[in-house]
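Chain IDs A, B, C and D follow the sequence of writing; residue 1 opens each chain.
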């Protein structure tokens, strides 16, 4: 089983920022959390607005909370809004159910953690997250 | 980079009230917050109801939280209601996502703060806010 | 019965700031709330730190909450700490039980509102509040 | 007036970790927040326990909330426990009032942000924070 380290989290953030620069994205905030849902590293680029740390963590937490990426939560928000509302109830409002929260697994399928990104469109946030996950050789699950 | 001062906040409130008088609006509450989302000045006109201070602050906070005026939040509330619900989750219910929260930037594009107004229709609240922002020579972003 | 107006609140704030300048106090935040405990006006001087709006309101609210100035709450915090903790429980943590929250009454003894000040020592905060209350001819109750 | 950047926050964290290694400290978590109390960067070293991100942020937030380092809050917790309890009430429990939260100011005395560190003793946490602040040429205020 692979366990998330601070060094891996730093590589994920660097790779996500590099992808964002390549794509010309707006200033991002990136949160990397471990398998227990606890923050390992967060970086907010200059110009990324003040609630972004909570939004990035909310996407990452949503992914580990239900065991898949936040694209699945986003789809459920449309088909079963009461379920997403209930998830926010039981988590004290900790989940942000839009794309950009990507679950990270190792080669055995065990959860290693998740990365959450916010600042551009949800699709672009997710593209940057995927670049981050690829940089450490983990398997990404967008939901 | 310009920093919000109490003197600027007082000018914003005065200009907003002058515009409201010119337009014959109902009693307003005006909140002016700094770039970090913290209240610098608030004035509630006689007859403006008791929850107005929270509503005005919720509009202003919504603007700095996501880096654009609350008209953008209002549009998202219609297209992606679960995203706006999630923003209220991660902010402990601090956001009021309707027009009338206007972001203020300086000439370099840096956020200086926001003004939030409530009491009349959302469009009229916003018109008063725009008069306030113009009075101190800042750039308004309605979202 | 006298009812708090925005004009009165503005006079209270101006007089408190004038007293603070005379005494050479640190930057203050002043909150004026009505008999229902709702904010009428607030001003935070440049350099007054970011939690001051909540502290000033917490002092003012404490005064109207129990019908006397916060000096009484401060004394109770020493003699009956469980009572003050319980007040914060039933008020969702809205009370700051240290001097500087002054109740305002009219000549008939009816509550008109309260002023709460923070930024310097509690005694100096209270001195500025008393100057504010005197400026509008109301009776001050420090507790 | 200097504004906190992500680059500065990264330098602060690196210098704090270097100091911790030099002193042989336990695994630390470092949070760097801006003048508005919002997270700019956070790093949790391998082995630093799961609540450390909240503790580090609570120390940093405590410093900007009242405009001085958390050593001042720690002293107040002993002399006026009801005041510290009230601060946690009005801030929704966001303050950790023990040493290790260091306010950062520029040469003009304006607040730039704060760094909060947890993991070893409070005194050692503070020593690492001071090394971080020194690395970016800001003035440290321990309270």
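Rule of thumb we're sticking to: a residue touches a chain if its C-beta (ideal position, glycine included) is under 8 Å from a C-beta of that chain, and two chains touch if they have at least 3 such contacts.
Treat the numbers as computed from the prediction; the structure is a model and nothing was measured.
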| item | value |
| --- | --- |
| Same-interface partner of A-D, chosen from the options B-C, A-B or C-D, over half of the pairs matching | B-C |
| Pair sharing more residue contacts (C-beta pairs) when C-D is set against B-D | C-D |
| Distance between chain centroids, defined by C-alpha means - subunit B, subunit C (Å) | 26 |
| Centroid distance [mean C-alpha coordinates] between subunit D and subunit C, Å | 30 |
| For subunit B paired with subunit D, centre-to-centre distance based on mean C-alpha positions, whole Å | 31 |
| Residues within subunit B bordering two or more other chains | 35-38, 92 |
| Residues of subunit B touching subunit C in the complex | 5-6, 9-10, 36, 38-46, 50-51, 53 |
| Contacting residues of subunit C [partner subunit D, same complex] | 47-51, 54-55, 57-58, 74, 77-78, 81, 84-85, 88, 92-98 |
| Residues of subunit B that touch subunit D when the two form their complex | 1, 3, 34-38, 92, 110 |
| Residues of subunit D that touch subunit C when the two form their complex | 35-37, 64-67, 80-83, 85-92, 111 |
